[in-house]
């Protein structure tokens, strides 16, 4: 299991990004991927790199569809082979 | 008000970072800065760049005190001049 | 064209990461993707999200093959729809 | 010695950021800090956290002076206690 977080920053639009954040969350809800929204980024729990990268690409394409002409995406991925990780385990909510 | 998130990644230690994450959270608690722990990073709300950078430097020094010989810190800062932002407002918890 | 940079941080190994950086650069060389190594990250120029994500996944798998048990990857992607971008254009080397 | 890289992303302006990148480079030139411009970020070599954070705050203030109403800054810091690091050493240009 891979835990990651990402944020898609729209450029060339106004200072507010809330409509784009909301659109990405809707997309994540539809995709069925487990995620948790934070103040600076959205954390996701993916079964593979493919699943993670698919939602990130879809988020970019979604913003492009909404008219954003430049998108900077920042991603951090935690890929751990020695033990299973989940959003919950990384939040210290489970043992 | 500045909202930011950061993570301090220890290198040259074991694969587990939980003791270091815990130490940073204790330090943030003592500093009185408002923060929220996420699965991939810790978000903080700072009244100035100085306050933000002070806790990040302290977090690095804390890990060094614990024996970590190399620390990679990743930071994202949201500095907004057109309106007040807080952790809560960025989570959509207030209007 | 997408320009991005990324870094793969090994955890649970020694403080030195040079052998892993070198392995990732070899992999990029073999893949034929255009890249430029910087002091903190490696910038790549990709024709699609797929191509970008493929090399990042391969880099992770390479490090895992070398015995790294935990890998934190940090990525920034510049996806621009209003004009073509390249590593060179972003370095200001061409107009 | 600390090596870091950072990028300041303007929001609420046009899609082009070149004038802002140029302004930050001028500021770095004036500050005397050693830096190298990359396609996705600017790497700096700082003698202390204070020096690093000072230029990053100045870069934010510079963009604000130029009228940018929201700035997202992304930073990576390599803080190494077991050996001296420089931009050159991290580029593999010296031993």
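In this document, chain identifiers A, B, C and D correspond to the written order of the chains, with residue numbering beginning at 1 in each.
To be clear about the criterion, a residue touches a chain if its C-beta (ideal position, glycine included) is under 8 Å from a C-beta of that chain, and two chains touch if they have at least 3 such contacts.
As the structure is a computational prediction, the values presented were derived from the model and not from experiment.
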| item | value |
| --- | --- |
| Taking each chain's C-alpha mean as its centre, the one farthest from chain A | D |
| Chain pair, A-C or B-C, that carries the greater number of C-beta contacts | A-C |
| Inter-centroid spacing, chain C versus chain A (mean Cα positions, whole Å) | 19 |
| Separation of chain B from chain C, taking each centre as the mean of its C-alpha atoms, in whole Å | 26 |
| Shared interface positions of chain C, touching two or more other chains | 12, 15, 69-70, 72, 74, 76, 78, 80, 82 |
| Residues of chain C defined as touching chain D within the complex | 3-5, 7, 15, 18, 36-41, 43, 74, 76, 78, 80, 82-83, 87, 90-92 |
| Of all residues in chain B, those that touch chain D in their complex | 12, 49-50, 53, 56-57, 60, 64, 68-82 |
| Chain B residues touching chain C - in the complex, by the definition given at the top | 9-15, 17, 69-70, 72, 74 |
